[in-house]
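Here the chain labels run A, B, C and D in written order, and each chain numbers its own residues starting at 1.
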Amino acid sequence: MPSIDLSCDMGEAFGNYTMPNDEALLDYISSASIACGFHAGDPAVMQNTVAAAIKKGVAIGAHPGLPDLQGFGRREMQISPKEAYQMVLYQIGALYAFVKAAGGRLNHVKAHGALYNMAGRDPALARAIVDAVHDFDPGLILFALAGSEMVVAAKKTGLAYASEVFADRTYQDDGSLTPRTRPDALITDEEQSLKQVLMMVNQQQVISSSKKTITLKADTLCLHGDGSHAVEFAKTIHKTLVDEGVAIKAPSRF
Amino acid sequence: MPSIDLSCDMGEAFGNYTMPNDEALLDYISSASIACGFHAGDPAVMQNTVAAAIKKGVAIGAHPGLPDLQGFGRREMQISPKEAYQMVLYQIGALYAFVKAAGGRLNHVKAHGALYNMAGRDPALARAIVDAVHDFDPGLILFALAGSEMVVAAKKTGLAYASEVFADRTYQDDGSLTPRTRPDALITDEEQSLKQVLMMVNQQQVISSSKKTITLKADTLCLHGDGSHAVEFAKTIHKTLVDEGVAIKAPSRF
Amino acid sequence: MPSIDLSCDMGEAFGNYTMPNDEALLDYISSASIACGFHAGDPAVMQNTVAAAIKKGVAIGAHPGLPDLQGFGRREMQISPKEAYQMVLYQIGALYAFVKAAGGRLNHVKAHGALYNMAGRDPALARAIVDAVHDFDPGLILFALAGSEMVVAAKKTGLAYASEVFADRTYQDDGSLTPRTRPDALITDEEQSLKQVLMMVNQQQVISSSKKTITLKADTLCLHGDGSHAVEFAKTIHKTLVDEGVAIKAPSRF
Amino acid sequence: MPSIDLSCDMGEAFGNYTMPNDEALLDYISSASIACGFHAGDPAVMQNTVAAAIKKGVAIGAHPGLPDLQGFGRREMQISPKEAYQMVLYQIGALYAFVKAAGGRLNHVKAHGALYNMAGRDPALARAIVDAVHDFDPGLILFALAGSEMVVAAKKTGLAYASEVFADRTYQDDGSLTPRTRPDALITDEEQSLKQVLMMVNQQQVISSSKKTITLKADTLCLHGDGSHAVEFAKTIHKTLVDEGVAIKAPSRF
């Protein structure tokens, strides 16, 4: 029986600013990557999101980002591998505290936004993040962009990883995501998006922008949590996968 | 053989701003309370300070403060007990990550500045902080102002605590610190300061501002780390205590 | 012909977090108090909000708050008058830059949240804020809680002020707002709220919680911008006042 | 009579963290570029630094940086020209408020650190910064790296600029600074540094790393304010220039 993890970035509220979809999305996902206060999230949001995830039986991951609340962690910053290590380790610990205090278990770590992108192509940053995760707890699972330097670094270090794919992004022939600057970067048609997901899950393949069939390891599928249709789309994906006999479950720790 | 813990607030540098005394002070203390990024400290400073403390065999504590870098955590803020719980838990986790990754052990938690003062007199805040420490790890030791509400809360919850005293502050008849707004709040004469310390350690007593002899539990003595004489004074205290046959050691975890 | 200013706190979005009512509210108000980046707002939000206000012919004010984004400037902080002066001056200047660059004119200053409340009852803080406004530009108008220490300080300094009243808050016999901790602090019935507004505008009077008729100077009426009914309520108030022959206009600078 | 402006980046303290050289340096410089709270500085530091500069008759400039206090504004961030415009405008206004309130005059603007470097080579960022300065006040002077895109943008817009040179950096054949990653980037020999300064001032020339004589417009010379020798070096440069008959004065506004 094929299986996949459905994940969503969560806990990206801050102070007075809410993220209204979070609670509803928990019904359709198996893993939540929770912001840790640098690009979004604060101690109150973290506590509440961790509690909600535990209540719904959703696996919890730390979602560390760049220290740029205004830019939501999406603006690349010229940081050294050492700084990447330090900021990731800090944020993992902060989220871990809420998970521990609530009697839960931290299952994975996924870098956010620009940090995820930078580490996906820079071996030294990838290695620094893998080291931070591994040094904190070698039993954690790294969520890594399929085919990226993060996967390479995780393999080298012997850290378990889940290869991450996207429902609404197109892929290039080399398996990388089509850059957002390109007009064909996003899949806006829901039908096409569902088709891509099923092919990824059942065949570990995807049709690239230039119509080539390429191989892609699909362990975890990232759903976007913002936008007015996010909950509806999560529900649809969830139902489609279940109807097709796909098991939806978080990757297991050692 | 009488014993006491000598502690210092550490890791209060930030980014480009250094705290030059930290390294030298580690030679004379048994416990370091390390800032966690809210009132001072950042991921780089935390990593470096944790590494230095481990190298010198100094016990490590988390030193959480209010989210007020500009005010150095010294301006009181009207926070709820829930907010106190959340910000303390967050910061303990963040520091724990560096300690864990470096192969060390987190031994204690001490609130900083205004948070320490507020919780010392407000039972609900004291309870919230004690709960945060206990929920993270019931084996941790709380550093609590001697005779304060923090001590009361720790006792109620069954959390181990170390009663904290000061070398350079005077005490009132009820065992509380003379407020800094009073002219006689500080002991500026080194001789008198050393005398107070020895009396605290050997007799668990102190002479109050009004010359009464009062009882005071002295488990840990806080030295100030800033100022040009801080290292010299730490050295002198350390030597005086050793010469008097006092063992200098961190309080033990369960 | 009676007249009143209708104002709203605006530009309280931040980074990725939006405040969707702002644009629509501008159709019904005569003054916008725009956040300056401390409790809310950022350079992008400030630029956009200033541009929108100028386009709609709404008078612009700076809305400085405490440096506490997570607490939205609503948690009181123990700051000195000097610190209040400095943080208000900084924020006025920051907002002024966007107004100046856009070819507009800064008309007023209104402190936000906890800073507004603290200065309303503390003469030294009130004086510090009045001084900051006056030192920047003696032609600016201070928005001050009716009957508060802010009014007293403005009068002493010779700074023009607009006495601020609320549509949805009840008043005590001494003219102060009923504290939010009391069950009768808020007026939830729209009819009653409109009645209070009309009495304030036409008679400069209000019925207190204990049913006494008291005198209250009403120069500017603050509408709340958040909540799902905010725009609808602003529209209703605006229409009611216009229908009653009340002129809605911002207070004039010297 | 040849003349040059001697400038220093100032007001880069923050909260509890001091920058002890600032006051002493004011005796030897003609322009101070004062941090505005993003990469360093806070409202208290800004007020104090502005007051000190006015007292010493030193011309004042705003020194806006990237919003990265931990990185001291030295880590490049992927910001859009629009974001550059907004963050520079915000910071100019904030500093202007302190200058205005103290009865002084804002004379120039100089971008800090990574923002200065990025705008020096990126025409769109350079243009955005020039626009922010010009939109705030077309009479302001831009401090721009000699030969950089900032100079190009200032010329295009008709904004006055001062071409900035460095005493302790080497230059390449094309007039650009030798990158800090190269071993010969810094001039550590004081004699050689003074020689370079005199050649720049008297002949508007410099000897490049490869020993070519190149032309360089030298309107303002930047001295580093940190480090233990900063004050001593400023004093020496100042005396050397005065002894050589060079007038030390800030560039004049229109």
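Odds and ends about this structure:
Everything that follows uses one rule, which is that contacts are C-beta pairs under 8 Å (C-beta built on N, C-alpha and C of every residue); 3 or more make two chains touch, one makes a residue touch a chain.
This structure is a prediction, so every number in the text was calculated from the model and none was measured.
Residue contact pairs shared with A-C exceed half only for one pair among A-B, B-D or A-D, and that pair is B-D.
Comparing chain pairs B-D and C-D, the larger number of C-beta contacts belongs to C-D. Centroids built from CA atoms put chain C at 43 Å from chain B.
Chain centres here are Cα averages; for chain C and chain D they lie 39 Å apart. Contacts with at least two other chains are made by residues 70-71 of chain B.
Those residues of chain C that touch chain A in the shared complex are 12, 14-17, 40, 42, 69-72. Interface residues of chain A, counted against chain B in their complex, comprise 37, 43-44, 46-47, 82-83, 86-87, 89-98, 100-101, 132, 135-137. Residues of chain D touching chain A in their complex: 67-68, 70-71, 75-79, 114.
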